[in-house]
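To keep things clear, I will list the structure first and then write my remarks on it.
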Amino acid sequence: MSDSASDSSSGDDRCRVALLLIDFVNDLDFPEGEDLRPHAEAAAEKAADLKRRARAAGVPTIYVNDNFGRWRSDFAATLDHAARDGSRGKRLTELIAPDKDDYFVLKPRHSGFYRTVLEELLGDLEADTLVLTGIAGNICVLMTAHDALLRNYRVVVPRDACASNAPELNEAALEQMRLVCKANVLDAAEVDFEELKRRDWDACE
Amino acid sequence: MSDSASDSSSGDDRCRVALLLIDFVNDLDFPEGEDLRPHAEAAAEKAADLKRRARAAGVPTIYVNDNFGRWRSDFAATLDHAARDGSRGKRLTELIAPDKDDYFVLKPRHSGFYRTVLEELLGDLEADTLVLTGIAGNICVLMTAHDALLRNYRVVVPRDACASNAPELNEAALEQMRLVCKANVLDAAEVDFEELKRRDWDACE
Amino acid sequence: MSDSASDSSSGDDRCRVALLLIDFVNDLDFPEGEDLRPHAEAAAEKAADLKRRARAAGVPTIYVNDNFGRWRSDFAATLDHAARDGSRGKRLTELIAPDKDDYFVLKPRHSGFYRTVLEELLGDLEADTLVLTGIAGNICVLMTAHDALLRNYRVVVPRDACASNAPELNEAALEQMRLVCKANVLDAAEVDFEELKRRDWDACE
Amino acid sequence: MSDSASDSSSGDDRCRVALLLIDFVNDLDFPEGEDLRPHAEAAAEKAADLKRRARAAGVPTIYVNDNFGRWRSDFAATLDHAARDGSRGKRLTELIAPDKDDYFVLKPRHSGFYRTVLEELLGDLEADTLVLTGIAGNICVLMTAHDALLRNYRVVVPRDACASNAPELNEAALEQMRLVCKANVLDAAEVDFEELKRRDWDACE
């Protein structure tokens, strides 16, 4: 029964690279939300540019995002909630608004891999390389990077497309991803999707 | 960041019992779909009645369903797809239409537990008893029951609210759930949600 | 730290096929143990022959087995316990005694995949085809087969190398594996490891 | 079949607190092993003292450790390998030698929770509070702490019973655990197992 569903879930998007946008769709309604907001918006602008370039290169974009409210597998409601008038994250969310052909993965906890469809979807896409962006760099992005390491994905992290409550927290997380996850940490402008698609996994370790 | 999301995901629905509706939202667009259709519709009527009684008893209903099409965490789109004009599953889906306060869990494969939020949601609900209904009884319902056994849930299976392509396949699956999963297999009319809420786990083993 | 451990965990055994022996190492100390015993011993003889032929073909054997006693990651203790004098499973266990170059995976519950290293090990081995044998056919073997289906393994089940408490339970489980898991169910004597190694995954579906 | 195994796997050790010793059993045979060695040995001395006090308080100790060599579910072989003559980790391993009533969980990757029995064992023990010690603090201990957060365990980290290749890496990891995992980071001498057993989970958040 689920075979057809699974088979079609990735459309024609098979590509070894995937761009992940983590928790950008967000009302920032938590104590440090106002600290995070300007950093998050700056990162979202970089991520939006990455997304445009990913599409041009045939690289799929996956929103990996906290659910807001009751669990209804309803990314659209999460989007509406985050972008509603009065939401602290309205501008943030609008900066990185999803398109019809993006993928949406709702997650219940910090890591994008924990109790979600993400690994299944990446398998369908045949992706082995993840470009990680999002908020907070030292929480959900870092924990997703660790889980990607456990599963042997190659990780690329554009440092200015990740944001944390404070710049030094972001720096520490990037250093952890570089050192422990063997992530390629670079500027968003340096990400070359065509090269990532070509590059040999083993050669880049 | 995800703490608040997770904390609120179960609203005020804490209840030791949950009613699961597995794959009833379905266009039945597969080879044996026409065989399954009448059995599925009969089961959906029973499940719809169970759902009404569950609500009256304060027992939450969780739709656990295959995703159709591209993965967009969009249960509403799956619903629209299954209930569209011309869908073989239009009547089936309408028989068991979801309500605003139901939970929706999209699954990528046969078991409701595999790479889904289900276990997290059940934990938030503090549910230890699952009433399983759906299609196909010998595939997705049975595999969900097995996974429930691994996780120590108590399983109740209303036999006439499950359907398979052929009655003898359904019977065999029910016998497997009774024998191996120690499921309480009974008529839908016999399910007493108030009793399930009260009944001591150990006493019923 | 664990990279080296993981890298070396599969030695030089890379092979697309793996032979799994499920719960044969067993003291049969449960109510139906005496019913199961003769069937289990007959299946173990077939499995022992399969194991000899697997080795000749360079196919690794993995014991996937319940733990007995306190969790100490000590397969040798489980083996000693099952083969001790007075154990109802002494002969069974001796029929299928492990060798130095076999793999051992201890499992806490029925399925070989649940909370075990099995999927990691199969990934290291690059195995996509599993030959399943063991006891009980309608419990641990069947649940392992279901979990293999979720993960897209090709499943081969030698019917006379699986045993259940009663022959009709074994038959029903084999039929479920054939029908739902698309398993190739055949006589142990018919298993041709060289052919399984060569055969194209897609061609055999 | 596995019910009895599972039921007995935790003996009579039910206790809300568990002490985890992560990767202390180690031959330190990797490039930074000589850097790590003195820090690891100092941490192991603290951990050994914690273990003595844990036992006095009825708190179970769980070795959560990388496997060395072929996967054979054989913690004893891992122990022998690490403590063999000529192993760089001989003294380290001897400092924290296991006892008969300890638990041993072999892990294939960095996190103690990934594809291991750990969560099952903690469930059997009814543990909700983990005292984490081990090496490396910024790799396997940190990733285990993150995974503990996902699963809602309360985390306690004795800072001098964790070691990393360099003190500043250890400090950064401890800060991450304090900030993100809400871990109670303190000196090993300050850990009061009796208090941890009594203390109300909610009260300490």
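As written, the chains take the letters A, B, C and D, and residue 1 is the first residue of each chain.
Just so we're on the same page, contacts are C-beta pairs under 8 Å (C-beta built on N, C-alpha and C of every residue); 3 or more make two chains touch, one makes a residue touch a chain.
For clarity, every value in this text was computed on a predicted model and none was experimentally measured.
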- line: Touching both subunit B and subunit C we find none
Message: Given that subunit A and subunit D are copies of one sequence and touch, is their interface built from the same residue numbers on both sides (over half shared) or different ones?
response: same
Message: Only C-alpha atoms count here: how many degrees separate subunit A from subunit C in terms of the superposing rotation, rounded to the nearest 5?
response: 180
Field: subunit B-subunit D separation of Cα centroids, rounded to whole Å
entry: 39
Field: CA centroid of subunit C to CA centroid of subunit D, Å
entry: 31
Task: Pull out every residue in subunit C that's touching 2 or more other chains.
output: 109-110, 139
- prompt: For this entry, which pairs of chains touch?
  reply: A-B, A-D, B-C, C-D
- request: Could you pull out which subunit C residues touch subunit B in their complex?
  value: 109-111, 114, 138-139, 142-143, 146, 149-150, 169, 172, 175-176, 179-180
Task: Please name which positions on subunit B make contact with subunit A in the complex.
output: 1-2, 4-6, 8-11, 23, 26, 29-30, 66-76, 101-110, 115-117, 119-121, 135-136, 139-140
